[in-house]
Every structure is written in C-alpha cells, then in structure tokens.
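One chain, chain A, links the two complexes that follow: it is found with chain B in the first and with chain C in the second.
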Partner chain A sequence: MSTVTNSGRALPRAGRALPWALVTPALGWTLLFFVLPFIAMGFSSLTAHDGGGFTLANYSQFFTDPSYWRAMVNSLQVTAIVTVVSVLLAYPFAWILAEQVPERWQRLALMLAVLPFWTSYVVRSYSWLLVLAQNGVINRTLTGLGLVGEPLQLANTRFATVTGFVHFFVMLLTLTIFANLKQLSPSYRKAAADLGAGPVRTFLHVVLPLTLPGIMVGAFLTFVLCIGDYITPQILGGNNELLMPQLVMMQIGRRGDFPLASALSIILMAVVTVAYLACARWLKIERA
Partner chain B sequence: MSAQTTNPLSILKRHLRTACAATALLLAAGSAQAADLNALIWCDHADPALLQPFEEANGVKVNVKEFEGTGAGLAIVEQSQPGDWDVMVIDSIDVPRGVEKGLFEPLPEDKLPLADLFPQVKMDGSTVVGGKRYGITEKFGYNTIGFNKTKVDPADMQSLAALTSDKYKGKIAIYDYYLPVIGMAALAIGKKTAELTEADLPAIKAELLKMKANAKLVGEVTASQTALATGEVDILVGGGEWVTAGLAKENPALDFSIPKEGAVLWSQSLTMFKDSKNKDMALKFIQYIMSPEGQARLATSSCYWGMPSNTKAALTDDQKKTLRFDEQPDFLARAQSYPAPNADLDKKMQDVWTEMLQAQ
Partner chain C sequence: MRRIVRIAAWLYALAVYGFIFLPVIVLVLFSLQATSFPIPPFTGPSLRWYQAVLSDTRLTSALVNSLAVAILSSAAAVTLGFLSAWGFARFTLPSSTLLRGLITLPLTVSYLIIGMGLLVLFNWAGLPKSLLAAGIGHVVINLPLCFAIIYSQMGDHQINIERAARDLGAPEWKVLLLITVPVMAPAIFAGFFLSMTFSWDEFVISFLLTRFDTTLPVEIWNLLRSGLNPKTNAVGSLVFAVSIVLVVLFELTLLRRTPA
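So, the complex of A and B:
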C-alpha cells in the first residue's frame, strides 16, 4: 500500500514515515497525559472506595441521590446563563473594537480589553467578592444614593458566581469574535449595500451569519471552561448551592473517595462531549 | 588573545575542569537534598517564623507541601515513592487511618514531652494504636461560635439555640467542614459527639437545615474568616480561636464562646513516616515543634492561631490573653470530642452535609 500525494504521485518510504514522525510527539503526549489517565479514571470509577471489586454504585449514587444530580442541574443552568450573557456582551464589544475603533488604536484597545487576564484568577474572584459584599462598592453606592434601604445580598449567591464567570468569559469571547470579524472581507458588506441593504439588514443577514461559527467556537470554549471550573463558584457562590466540580472535590478532601470522584468526573466529561458533538455537528451543517 | 587560550588542549582541559566542578556541585546539591526534611503539612507549619529557627539550628532545609483534608494528604503519600516524606501533620482522629495503611513509625514516648500536654488533648484513643504511639497532639482548639461582640449580644452566644433563632437570620456563616459542624448540630440537639450513630442523622440534618436557613454562606477557612472580618456576617458557626485570635489585633471585637451545650474539640497531630530516610532529623523536628518555643510559634502562626497542646508553651502574656490560655481547663472540661465516624458513617455524614448545602 502506498501513500499518494495530492498530485497523485506515491510518496517514497522515507516520505511516508515523515508525517508519522512529526505527529508522534503529539500522539505520545495525548496518549500519556489524556488517554491513559482517562482509562485509569474509568477503571477507578468502577471500583468501590473500600477496595472491593467491580461496582456501578458510584454511578447509581449520582442518578439516585437528588442532591447529586441537582449539582449537575445547577452546573448546566449556571453554564447556560454565563454562555448566553457572555456572548450577548462580547459580540457588541468585539464589533465596536473591530468596526468603530480606528485601526491604529485597535491593538491598544484589545490590550485594555484583556487587561484583567493579567491578574490571577483567584485574586480576581476575591476582588469580586469584596466588590459585591455587603459593605462593597455596589451596595455602598446603592444605599448612598438612597436606591435601596438595606444592602442587597449580592456576594455568596448564584448572581455572584455568574458575574465572576461573565467577567472572565466576555474577554475570551471578545477575542474570538474580534478575530472572526476582522477576517470578514469588506466586500460582503459592499455587495450587500450595492444590493440595497441598509446597515441593520446587512448586519442581520450577512455579518451575523458569517460570524456565527466564531461565536459557536467561543461559546463552546466558554461552556467547557465554565462547567469544569471549581474556583469561581467556590469563592463567589458561598456554597449556597453545589456545582459539579465542587461535588467532585468534596469526595476527595477528607475521605479520599477517588472512585466516586472519578465517576462524577466521567459524567461531567460525558456532558461536555455531548456539547462538543452538538457544536461540531452544527458547524458541519453550516459549512455544508 | 593569548596562545594558551587558543591551544585546543588547554581549551579541552579548561572545559573538563568546568565540567568536573559542575558535577561536584551537582553531587553536593544532591547530597544536600538527601539531608532535607520533607514534611506534609497544614498551612500553619509553612510560616518561616516557625521553620527558620529549626533550619538554622540543625543546618537542614525543611521542604513543605500543604494539603487540605486527610484523604488528599494520604493520596499524595500513595502517589509518592516510599521515603519521599519524613513527617506529616494530620487530624488526630485520622492517625489510625495512616497506621492501617502501614505508613507511620511508632514515636519514642520517652523522648517527647507527653507529661506537659493538656491531658484532654493527648487523644490516646487515636494517637496510640496497638499500644504504640504513632502521633502526638501539637495544636488544638474549638469548633464553636465565633462572633463580633459589637454586633451581637454576647449573652446569646452562650447557647447554640441562637444559631437557629430569627434574631440572627442572615447574619451567620457556616464553616464548610462537615465533621465539626455536624458535631455542633449534635450538641445543639443534646447528643454526645462520641456516641453518634446513623440513627441520629435525621435529627442532625433537621438542625443543619435550620442553621442553613439562617446562614448567608457556607465557606471554607478564608471565605468564612473574611466574611466575619469584613462584617458580611456577625457569627461564624464552627469558628473559634483559630478564626478570631489571629485577627484580634486588627479587629478586637471578634471573640468566641464555649456555649452551655459545649463545643467540639479539634486537634492536629504530628506523625513520622515508617519509610523516612531521615528519622533522626524527623524526630528532632517533632521535638522542636513540641518544645515550649516551637509550640508558641506554631500557636501564633501567621496562617491561623490555635492552642498549643504543651502547657509550657512560651507564649507572651498578650498571646495568652488573646488565646484565653488560662481559661483552657474550663473550656476543655466542657468540650466534646471531634466526631470520629467509621468509613460508612463518615460517608453518610458527608451525604447529609451535601443535602444541607443543596437545600434552598
């Protein structure tokens, strides 16, 4: 069997080996640091904490205990809210940067937009806790202006968790959507204008559909990173509800129940895989 | 450029000398590492003010790794090579878990100041297994009610009933660790913490849910400490001197009580690894931590304060006052033991805690 190039000529033996040689480090890396640990986690999830044999008890605990699957419902709700709000905020932000800011200022504007990335994730979360606290900036402003009589409960709520997440993911989405908008040829808009479309119609029927793949990729990244994040809900949510990563960590802390933690992690990973397949399928349909 | 430097043989010799020097340095560094002491610790042992005097006196470097929770700590050990670790700080009630796994070395009682320890914190039921001592209690304290005395009526803090009363609704934080807070819930309903069984869990859960209904947050150490310090809440369920003492200088209004129903006694122990390659130094480290000077430094660690288990700890008068050192005999008499469930009950307790956290 021979490998055939695009021009239809068969590669010599050395030429055939080269692509494999180039891809081997990446394959090795993936095998060592993803596939093997994943298999180990799969095996672990099917064992009992006390060292017994094969069991499905770890999975059945998740599906039969309401407080466990409630964590998944919470995670999906928070992730959906964060993804939608982040996209709604990031798109106009990216559009203004790409279309309204003069070319020579765009680099500086982008740098300012992602400035919060330069601070530690943990520090940023604790900063939000102080901002949203009872004596924080927001509550002091609201009570100072007489808009509310008593400070609002903002910190240690789902609202605080969503705020912390959105602050982070708006930056990420702005970057992906900005790149998408910049790649869009001005010819499309000119053609639409030539055909009599106004700015709103051009945006709705030309620009937006053409940038949807960028939005989808950014939204998927937001979904994956958000649903697996432990720090933000732990610091900002006040443990008034548990999300999946918190439930996973809880199994490890004192009891060291790695089998149950593994099962919960695999369930979380299955949800992410479903989201990926849905996203990939949508992108495939779009391309077709 | 001189002839000598351009001579290939001279260049080779010089490079060889450099290589030999580098190898010698590496070997020296390697042997120095072998003499290091590797300790699995809680954050209070990472304070340079605690470690430096020992390092300087013994010419040794103490490498520390922090962990949270016994399960996580034991997992680190299992993922390490035998001999990687020399000493470990562990919840006193969990010493038997390490002994069961064959990790710990018996400690020589005659070389430790056991006679100087508060009798109630020796915890022989946990630190002595099969007649051999595997752990020594180094620090203890209470999971009880921490509060801001300018915001609440201190008289109310003398009863656990205040935690579920409408008077303090929305003013409470709960420390996010299920064992001590379950212990406090048990005390609130008149149960002894040492005698808890599965049959007690429904009543404990009901009490926890009442506490949760009054609480603004359930937070780990930093979050709950911050909430109390910043005025986000006025009461911390599960708090004690470990929260208030370290903040006393900046916020003298913070205090703790031992309510009439009692408080939960927490304690941490030092253990030595069976496979340690540096047992002499490990013992010296344990002896240092248990010495009056080491005990004072550990008790007032920048991470969190706590009571030294050695009655002869070299605390200053101010430190004793902040820790309420002189009141310890009375506090200890009223405190109850930390819940020490078996694996099955432990799991059920954690599930009750999960249900409480998820309750709306």
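So, the complex of A and C:
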C-alpha cells in the first residue's frame, strides 16, 4: 500500500498497521455506539411491545392512526414555518452586520448577536415561557398599558413553539449567512458596479445567488435540528398539539413501548433523509 | 435615500438584537427577584434564589456530574477525533471517503434518535442507565465534530514540519507527540471546548440514559415541573455564565490561530 499524503507527496515508509491503528478507535466507536444502536432500533421496531415475533404493526399503527399522522403533519408545518421565518429574519440581519457595521466592530457585533445561542437549551425555552406566560412580561405590559383587557393565551400554543425555535435559528443562520457574505470577494461587487448595476441589481443578481448555497446549508441544518427537537415544543407548545419527538418520548415515558418509539424514530429519520436527498446538490461540504 | 437605508438598517438590527436578548434579560432580571414568582413587577434585587440553588444538593451534585461528563466525554471525543483525522489526512486508506463519511454521519442525525438507539441497545444488552451511558452518547455526538474541525486544519504546512522531523530520524510516536499535537493544538483545543459546551448543554440523551444520578439540564428539567420559579431563573443564569466562559475560551483559542 502506498502511503501518500493528501497533497500527493509520498511519506517515508510507515507500516500498514499504523494508519489503521489511528482510525480504528473512531470507526469502532461509531460502529458500536451509532450504527449498532440503529440496527437494534430497527429490530426493535419490528417486534410487538408485549413480546412475540416479527410484526409490522408499529409501522401500520403510524400510517393508520390519524393522531399519529397529525403529529408528523404538525412537525412538518412547524419546521417549514420556522425555517422560512428564520431565514427571512436572519438574512437582512447578517447583511447589516457584514455590510453596514464598521469592520472593527463586526466581530463584537456578531459575538453579541449569538451570545444567547450558548445558553442552555432547556433554560432558553424556559426563558421564553417567562416572557409569554399568562402573567409574563408581554401580558403584563399589554394589560398594564390597557391594550388588551384579558391576558392573551401565548404560552402552550404553536406560536410559542415557533417563537422559541425562531429565536434559536435566527442566531444560527446569522452565523452561517454572515460567514457566507464575508467570503464573497469584493471584486464581484466592483465588477457589477463597473458594468453599471445599481446596488439593488447587484444584490439581486450577484450577492443573493452567490450566497444561496450557504443559505441552503443553513436552512437544511435548521430543518434537521428543528424537526428532531423535543425540548422547545414540550416546554413552550405543551401538550395541546403534539410534534413527532413528543410522540416518541411519550411512548417511552408513559408506556415503556420501545418498539413503537423505535418505529416512530425511524420514520422521523426517513423524513430527514428524504429532505437531505432533496437538497443534496446544494450541500457539498468541502474541506477547507 | 442612502440615509434612509442606513436608518432602517439600524432600526432593524436593534429590533433583532432586542428579540435575541429579551428572554435572557428577563431570565437574569427575575433571578434577582425577591418574591416567589419570577413575574413583573420586579421587586428585587435579592440573592436569595442563588443561595437556594447553591444549598440544593441535588442541583450541586448534578452540576458536578455535568462537569465530569463534559470533561471526560470531550477528552475521549477529541482523542479519537484527532487520531482518526491524523490517520486520514496523512495516509491513503482504501475507501477513505466512505469511512470519513461514516465518522461524520452522526452529525446528520438528531440527538433524540441517537439517544433512542443507545437506549434500545443498552436495554437489550442489560446495561443499566448511568452517567457512563450518557457519556458514551456524548462522545457519539462530539466525535464527528472534533474529527471535522481537526481534519479541516491539517494542511501542507504541518506535513512539511512532520517530514522534517521524520528525516531527522524521529519515530512515528515522537512525530505525533512532539510535532503534530503541539502544531495542531489550537484545533484540538477548539474541538475540546466546543464538545464541552455541547455536552454541558445536552439534554435528551442524558434524559433517556440516566436515572438517579443525572446531569444539570435534566435536573433543571425536573425543576420546571414546579412551573415558573425564581430558583430555575437563578440556576439558568448560572448555567448561562458557565457557557459564556466556555465560549470565550473557545473564541480565544480560535483567535490565537488566526494571525492578527
């Protein structure tokens, strides 16, 4: 076996054993604690909760019981809304940070913009509960100003779930879109200006198309993280309207039904995989 | 026209900053609340809820557990990630692309599903729920991250230094310990601190895989059952402070890498 570096130059002889000794622990870990659990989950999903042999009942339950379907539809709707709203809010914000804020303040401005990103996830959702609760900050302010007579029902709604999610993903997307805008060579903009394009045309025909792949990566990340999240819908949405992860956790928590929970997890993962394949051509992550 | 765009941009940026900071400000402000409810009007300031947190042994032991799991699982993730990144960057291995894909695969799967899989596996193997189980899960989520960060930083520059060391007769283990590790230190630290923040914050895997001894996010989750409570605000503010420290350390290691 030839030992060649990634830049193509040959290394002095290193035995066959060394490279494998380096990569085997990581590969083994991934196989043992990621691939094998997945296989175990697959097997489990094909068994009945009360023992017994092979069955497809867990999957057919999902496809025939409308309340299960409903959770998937809710999840897809919430995720779609969150992804679109987050991109629309974050893009102008990232643009302002990259274009309008003076260069020397940019790092600080960006760090501030994503600071709450690093709060504990559970705590962040709880903080929104403080803001949105019946007697929370918003309702106290509104009733105090006499704008509404009765406190609004803001917590335990889809609106609360979406707000909590958007808060998180606006920060994440600001980071990715900002990085994208900064990587754009200024010569593109100069060339567009030299050819007579105004700022609006330059943005629509040059900047936006060039940053689109970055937006797609960010949107995909939002989709994956959002659809699989249990904390935000459970704390902010409550049990009025269930999303898929809540349904999965419910099978484990209340009934200890691992097979059904496994089947639902696999269905959830299949949906993410379909989404990945749908936008795979925009998601070429390259080595720097 | 230019002026209007500028003013609109500033207003928009301020509004988004407001949205981003609103919950954090409310959290910290009402952690200093003197009364038993973290709701307006504000009647503080008082540190009584911080005292309550620090004298709550369940919370303090959960905090120690969280730190231990974060440090140990991050050390394991960064070690495995570094060794494999070195192996893949320096040697040509058969089906390297596929194997690298395998290592980074867990990045595309939600924590809930990783936790579920481990729960089913451990349940089937008869392993009890424990902090160790949660730590194993944390290595699964952080290993791909450490691998990706370190692998992306292994450039030609480092290869040349390693070649020089080999030409001067250093055996591989010496090249690794005396050349590669020090040269790659910023990426290694970055991977370690990022893993720490993710492990420190991770909820769903710990929730599924631990029982009595648990981590801080799970213990905070248990606190939430009592509804809005200034004690939760206080512990949340403390967790926020720790995360900020980790992030600043992470920023500093990144800054050190980019020559000013």
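The rule is simple: the second predicted complex is superposed on the first by the 252 of 288 C-alpha atoms of A that agree within 3 Å, B and C clash if a C-alpha of one lies under 4 Å from a C-alpha of the other, contacts with A are read in each partner's own complex, and residues count from 1 in each chain.
Please note the rule applied: a residue touches a chain if its C-beta (ideal position, glycine included) is under 8 Å from a C-beta of that chain, and two chains touch if they have at least 3 such contacts.
None of these values were measured; they are calculated from a predicted model.
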item: Partner chain in contact with A:Thr161 - chain B first, chain C second, else both or neither; value: neither
item: Touching partner for A:Gln153 - first (chain B), second (chain C), both, neither; value: first
item: Which superposed partner A:Thr79 touches (first chain B, second chain C, both, neither); value: neither
item: Partner chain(s) touched by A:Thr202 [first = chain B, second = chain C, both, neither]; value: neither
item: Comparison of chain B and chain C by chain A residues contacted; value: C
item: First, second, both or neither for A:Ile252, with chain B first and chain C second; value: both
item: Touched partner set for A:Leu97, first chain B, second chain C, both or neither; value: second
item: First (chain B), second (chain C), both or neither touched by A:Ala133; value: both
item: Which superposed partner A:Ile235 touches (first chain B, second chain C, both, neither); value: both
item: Residues of chain A at both interfaces, chain B in one complex, chain C in the other; value: 126, 129-130, 133, 135, 235, 252, 258
item: Touching residues on chain A, where the partner in the complex is chain C; value: 1-7, 9, 11-12, 14, 18-23, 25-27, 29-31, 33-38, 40-41, 44, 89, 92-93, 96-97, 100-101, 111-113, 115-116, 118-124, 126-131, 133, 135-137, 140-141, 167, 170-171, 224-225, 227-231, 235, 245, 248-249, 252, 258, 261-262, 265, 268-269, 272, 276, 287-288
item: Sites on chain A touched by chain B in the complex; value: 49-50, 65-68, 70-71, 126, 129-130, 133-135, 153, 155-156, 234-235, 238-242, 247, 250, 252-258
item: Residue ranges of chain C touching chain A (in the complex, touch as defined); value: 6, 9-10, 12-13, 16-17, 19-24, 26-27, 30, 37-41, 80-81, 83-84, 86-94, 99, 102-103, 105-106, 108-114, 116-121, 123-124, 136-137, 139-140, 143, 147, 151-154, 156, 159, 163, 166-167, 172, 197, 200-201, 203-204, 208, 216-217, 220-221, 224, 228, 232-233, 235-236, 239-240, 243-244, 246-247, 251
item: Interface residues, chain B side, partner chain A - complex; value: 68-72, 74-75, 170, 176-179, 216-220, 223, 226-227, 230-232, 343, 346-347, 350-351, 354-355, 357-358, 360
